[in-house]
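Look for subunit A in each of the two complexes below; its partner is subunit B in the first and subunit C in the second.
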Partner chain A sequence: MTKSTSRWVGASLARKQDLRLVTGHGRYTDDISVPGMLHAAMLRSPHAHARIKSVDVSRARALPGVHAVLTGEDAKRYWGPLAPTIDIGMKVPTVYALATDKVYYMGEPVVAIAADTRYLAEDALEFIDVEYEVLPAVTDTEAALAPGAPLLYPEWGDNVQCAWGMSVGAVDETFARADHVFEFRLPQHRYSGASLEGRAALAHYDAYNRKLTLHCSTQAPNLVRTLVAQTFRFPEHDVQVIAPDIGGGYGNKLQADAEVIPCLLSLATGRPVKWTESRQENLLSGMQCRDYVWYLKVAVSKDGILQGLDAQVLGNVGCDGTCHAAGAGKFLVAAGYVPGPYKWHAFRVATKVAVSNKAPSGAYRGYGKDIANYPLEVAMSRMADALGLSPAEFRRRNFVGKDEFPYQQISGPVYDSGDYAQCLAKLLELVDYDEVKQRQAATQGKSAKYLGIGIASMLEPSGGAVPSCIFNSYEVATVRLMPEGGVLVLTGHQDIGQGSETTLCQVVADELGLTPDDVRVVYGDTNAVPYGLGPWSSRGATFNVSCIAEAARRLKANLFEVVANLWQCEAAGLVAADGAIVEPGGRRMTLRELGNKLHLWPGAFGVVPKHVANPFEVTHYWTSPIASWTPDELGRIRLYTTHPSGSSAIIVEVDAETGKIEVKDVAIVDDCGVIINPTIVEGQLHGGYVQGIGGALMEEFHYDERGQLWNTDLTSYLHPLATDVPDIKCDHVISPSPYTTLGTKGMGEGSTIMPCAAMVNAVEDALKPFGVRVDQLPLTPERVIRLLKTSSIWREMYEVGA
Partner chain B sequence: MKFEGESEVSGTPPVVWDALIDPKVIERCTPGCQSLAVVGPDDFELVTKIGIASISGTYKGRMRIAEKLVGERYVMSAEGAGPIGTMSVVGIVTLQDNGDATRVAYSFEATVGGAMTGLAQRALLPIAKLLTKQFFKRVEKVIAGEDLPAEEVGS
Partner chain C sequence: MKPKPFDYVRVDTLPALFSALAAHDNAKIIAGGQSLVPMMNFRVAQPEVLVDINGVEALNHVGRDGDWLCIGAMARYQDLIDSPLVRESLPLLSEALGHVGYPAIRNRGTLGGSVVHNDPSAEGGVALCCLGAEVVVASAKGERVVPIAEFFVTTYLTDIAPHEVLTEIRIPVPLPRSGSAFRELAKRVGDFAIVNVAALVSVGAGDKVSAVSLALGGVAETPLSFDVGPAVIGHPLDAARAAEAARLVDALSDPQDDNVAGGEYKRHLAGVLVKQALLAAYIDAMAKGA
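Our next item is the complex of A and B:
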């Protein structure tokens, strides 16, 4: 790590984008209208699983104002199937943007219409006649994997989209010799991110220019361009994807799924076509997530040391986790990271990913790290309880120690840095753990409100470099000096609310001795930026920050060469500070003077010596120094570069009469290495944690056994409100990563990873007098009461008529 | 979703019975009915237009009357599909003498599919009740030989 002057990195700079966003001057896809634009609407399947017997669109086609009515047969005839986003030994179904012979989930688009207005397009849907033959549906993960289950893709012979496993160490022997063996079954339900802005796409095929322009709400414009080109077998360089301001991503917007439908309609009509998803459409078919069952077996010695872990995860990706979106991969990540921040002697894991008649599955803030965290952290607290240890002490005995980094986990990844014990110690202090436990003891049984505290630690593998997948292994970006001395950063990394439009300016300002106002980040236009990949896997602070910091360093070195030549001095003695290149104690040239000299007065010939590399701009390629796709002797690979960590606590009060859980306090200690912007980091921690609380307490896609989704609006699919969440306390431990340029690590997902486990631990701690064990989420009041009813103590105390 | 209730219709059970199973009466009295085709004995195809808020649209369906116990009870089943989803209803209609009037009680089990599912519990029940009430009112008018109102809520 080279040290640079750190003036802006570490500063809580107000976000550059907030002026436009909070004053209502942001520009989102739906704000864009172009002349001649048509509007799209989609007819969606009312059935979860059905054969399409016939589709008659003749009446709709005849309506005045309707310009195109397309079916799956059209999609099949003229365009290709949805291009896969991931295929690491997976079964990839051949599916189209519009259903062809079968529908696989309720809400699947069957027919698309482009009309003069959205009203007309929606109304015209009524003139379409579809005949279905309803087939038996399967929605439950284990039912989908059971013999005799209805098959989504009969040619597969089963409903398994992928399966994988590994074994390291003497697993059976470890369990045979163990002092204690604990077993757990821990499922988690289906829920997902809820962006304020759903999906939106405005496609314009210009036949005279042979060019397809797609404005859409996406996290990864370059990837969407590739996927759209592949789906339409259209030259990729003739596709331009523009992502304006994005109203939230959370991993949900990392594919070209329904976005290709407006493209299809525009190719058919030659006119621009806009589709803005309704909330109902978003809940029906926007990418869903979670939905799995874990079986865990843990061997522990009598002194509370973890010995062996034998785990199996069964995932449910709905109708698909490869083409519609990349949901299947998260269960592989989960399997690789279930060992967590702890040390093990023996490890075995198996994962099986099932397809079912639910909406497709994508990424949502965690992509498997959350799946790895939940069962382990619940198990850790339950085992501590069984062993008579405090949950903190049991974790401390088993953490990877701060002096053991880089530490190779038994499943293969190399953990770069951290101090897990310190995170936990700081947390206990922040939340005043002992005081809470005293208060709990003093108040328990005095009223129907039971106080409880739960903790969870986490590991947030960041910057995944996944082979055979759109979530690949490099970042490329350009840093450009303008003639007037300002700097442009050109990046494929989309600002989706995480604030990279601001933080990247802080990074470049420090490298080049500028202020953040001297730098502008250009993103969201595939024709303006290099083929960088985008924000997912919390990779911004791992890949993109490193890439751009190094690009700025290389540009600075080139500029130093130019100036050293002008001044006939040593480049090594120069520094960049206060908007200028400076010879300490001597001459000074502002970047504006230098930019002018390079471009205009007199121009490059007069100032740039032949041996100097490009002083105008540097496009830099950055890849992980530690990730590796070459299996080691045990067949293990390393996909993640940094491993941020942390611990958090939730304090709840559970009303044993009503089942209501009140969240009284939340505290988070996070270690994301060097912090670029503390306010942004804390904002991410707060927002992410609230999403996790939502998943733990209320958010759930409620499918019935026929595959019908019951809650398709926000009055029945609930999210936490401001009143549901207390002030969140944050603190930090800073263990810089040796594998990134500035020592930064990811931090976008960590706080969403922890809350479900912390919540379960808190509720079980609160209800300890009743011996309750949570077997399902979300913990709605009804579910809490159902759990309490299993307790004879509770029945005696609270059941009417008992 | 269970959906039940009763209505009092002027007329003796034999008169009300004849009206209730008469396709012409069904066609005239079903709120928003655009057409009814008899495809077999007690087997009809209907097109109905509903104009209520979020479930507005044209619904096509099939209706059957079965297990008739003349003047007393029958099983009605119907299934339909419209822009926001599918619905199937099956249930028993019973007639009871009540002086000059007949008490018609119905008990249906409705299954909804598609985007309708989410609306089902909250919005659909009151709408179904409203439409059913309208239906019986109109039957009563037909029996009395009165003119039917041209437009009503929901049609």
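Our next item is the complex of A and C:
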């Protein structure tokens, strides 16, 4: 196939969507109003675990302006249980979007109301009487797995939603023979993404047209259509999902959970019903994430070479990680990727996923790769310290080498390409590592401010192709030539802030010799686009870019055939450049002229020879050339296509008196293969890293042991502000992937994966004089002081009254 | 996240305000609305009538009356921060109010509203406690003047009746050779503090401390003053004296666990900030010359 000259791929093109978004002319779901529209509000459970003894909605139903008041029992008559989003050997509970006999978490919707205004709907909530019989709750992961724990689903016999494990190599022997064996317990707390736009849904059931239209804020309109159709047992082709501008997703908007409630209200009333969640609802029941404990055992030789890894992860998916959202799967991904970018001789892993009385668990930037990264990267720095090696040197000795790709990791995945050592070397240069360590030595002990630097390396498996779940294995897209020579790209991929509305134009412009302004990306309407799966698993630059580039190439080849026929020349000699198809040194036909010829003057019959495939548009199906669901001789499968990588560093100053951590400097070196738009890539790195810093320092769903969530507003659930984050330095290594059309790799999650480990490593480095070992996140000032208090040196220096 | 239905009355004079308050049982005054409106949206506050005093010119003043600075109930944070009069006569108040929320909150919120609301770590309340302020509470029946420490009853509760309004805050201007400092630790810039400390130190002959006033927020149900005179009066203030003062505060306070932080940590933090604030206030006083 003709090779295109790259002109737009690699350019820091300004984002096409920003004109409307930054001037306030974006159109989000809540901006949409239709005649006759009602507004929904939901009564939510105040208890984490309770039996619903009775629900009396008669007083609310009687209020003027209230059009529907529905309970779980009502709902059961009209719909089925929530359709599963994932079931890979998992226990799938039968649950509804409105609680029926039991509530499983604080904030679970119990009654839904549709009224003339949101005000009236919320007023009416106060007229509903629910009688609960409170049951014992369990929130802690290990408590949920302990014998005798309160059971969410008694028919299961325990609280285990899924369990899995694998072993490769002589694990026990390796540990028995090892020079050093290190053990770690590393938990991480529960936090999640925070989109500026929360969940929003406007459902309209049109009985006269037998059609359900759902506008909603989602990352995956096609998947939502399927899940809604399954939940309502409604013909899928009679459901249309429209996702307009989306104010952030981060993995949180990959299901049809509460979104089905406005659909039900619309079916019940025959009128459009809109629900836009409040921030409180988002914190109570928007998808939550993280929440796990790792036990790690690592065998290392005396010269600092990793030998064996024996790991166990216990995950907590709240009330459910299969139907409400697909949270359970991330712990399987975590187990498969805990070996990270390093080489091993023996590996054993076990994972156990617990349900508990917390909100449902979904995806959030990482989906297990973050879970895999955190314990190992903290362990790497601690082990380096114990071995008397620098954290960088210890990592270097154990990285997969740049000449070893494709490299099959011991757990099964095939790593496509990379240069991990170069990423780390560039990072040390970017952050001036040696200078920081000198400054640390010169200033330590001179004031209460302790300087520290931490590094973490990462793998970002991107483009997951997971069997038996919505995160499946293909992408379909259409590239269409219009009569006037412009091009439409029709894709199921949703722009959720990552900029695909712009980057896909860059890709297609290069393939067809156009400018990005000659191309428009159409997305967000299930009745306009092919059934593509959407953005998750950093799959855009793996699946979708490859799919669309291939579609454009095929369309171009078909157009060349048409032109070659007109000119009576060889198609192989033609190129597409500057908006035209060109015979080098000879004739030229613009795409507008060609589009006109094909469609109008004279039209296809006069210009398209019989042997040419569709010159109007090409719909292409792309799937991974490397993923495999057939287990190899060791029982291993391969789910991910590309393996972006990188390293990052955080420099902190810890105030040993107050415990406050100030982030002084952040640097990231990323390798996502061929870069389509450097500005967008750096924006992703910045935003993702800040989310990780938030998780490391302040973000936390604070549940007590009764399952009460204490922080349900943004004055108590804290995110980093501009004042909490320094400028972030970025640099890149480019190792093109051999498995994608353009050599691109995903890059949406990598920078969120690293910060927690880098932060812990930085704080432990800063507080080395006190021998602090972080055992819990987030590192609030209070937790830092609690850690310091265990040091007698600190108590002598800083304890009040000392 | 929508309030219960409520009526709205706007008044321009104090008499009109008094009659509006008299006419309704469950009325609430709205000034800047920075605490009240979120509480209404959460339905924690459910007034039947909002009486808007933004138009009452008689409440919008900042002026000096002899040795007192008088601040009307409608004076907004940012106006107080920007006021040269406040900056010169009460630098502690200027410094403290600079820690309140974000620009949008400071542009709208009022010191009077914050005092009546009485969040235990509100910067204004802590500074006013340290400065020994008084508040003027008025109703149709007349005025009464209440020392700030008595006005703060407990968290979110003050010595004010439903038919009354706080009209003015009066603050004694400190002695000439006085210095002050405000220190706080919040999880993020603009958040309510975990603990905050206001210190006012006067020095006399031989650079010895002649008077001291100290108030803390976040350690009790209201902002609280502590008498650390025994530790520092009559001596130059050094690190050892400051530490002694911190021990006094520690012995007198018993902060409880809450949603922001645990009592044990607050106790530790109070000690750190008391030392820092006292030393900074002393240095500030010394800079004022002999």
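Here, the second predicted complex is superposed on the first by the 798 of 802 C-alpha atoms of A that agree within 3 Å, B and C clash if a C-alpha of one lies under 4 Å from a C-alpha of the other, contacts with A are read in each partner's own complex, and residues count from 1 in each chain.
Criterion: a residue touches a chain if its C-beta (ideal position, glycine included) is under 8 Å from a C-beta of that chain, and two chains touch if they have at least 3 such contacts.
All of these numbers come straight from a predicted model, not from anything done at the bench.
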{"item": "Partners on subunit A (subunit B, subunit C) - clash or fit", "value": "clash"}
{"item": "Which superposed partner A:H180 touches (first subunit B, second subunit C, both, neither)", "value": "neither"}
{"item": "Touched partner set for A:G107, first subunit B, second subunit C, both or neither", "value": "first"}
{"item": "Contacts of A:K664 with subunit B and subunit C, given as first, second, both or neither", "value": "neither"}
{"item": "Partner chain in contact with A:R61 - subunit B first, subunit C second, else both or neither", "value": "neither"}
{"item": "A:W710 touches, of subunit B and subunit C: first, second, both or neither?", "value": "both"}
{"item": "Partner with the higher number of touched subunit A residues, subunit C or subunit B", "value": "C"}
{"item": "Which of subunit B and subunit C A:Q280 touches, first, second, both or neither", "value": "both"}
{"item": "Subunit B/subunit C common contact set on subunit A", "value": "280, 710-711, 713, 716"}
{"item": "Subunit B residues within the subunit A interface of the complex", "value": "57-58, 60, 81-83, 85-86, 112-118, 120-122"}
{"item": "Subunit A partner contacts - residues on subunit C that touch it in the complex", "value": "1-5, 42-43, 185, 187-192, 194, 243, 246-247, 250, 259-262, 265, 267-273"}
{"item": "Contact set on subunit A toward subunit B in their complex", "value": "43-47, 106-107, 125-126, 129, 280, 284, 704, 706, 708-713, 716"}
{"item": "Residues of subunit A that touch subunit C when the two form their complex", "value": "118-119, 122-123, 278-280, 657-660, 698, 702, 710-711, 713, 715-716, 718, 720-721, 723-724, 780-782, 785-786, 799-801"}
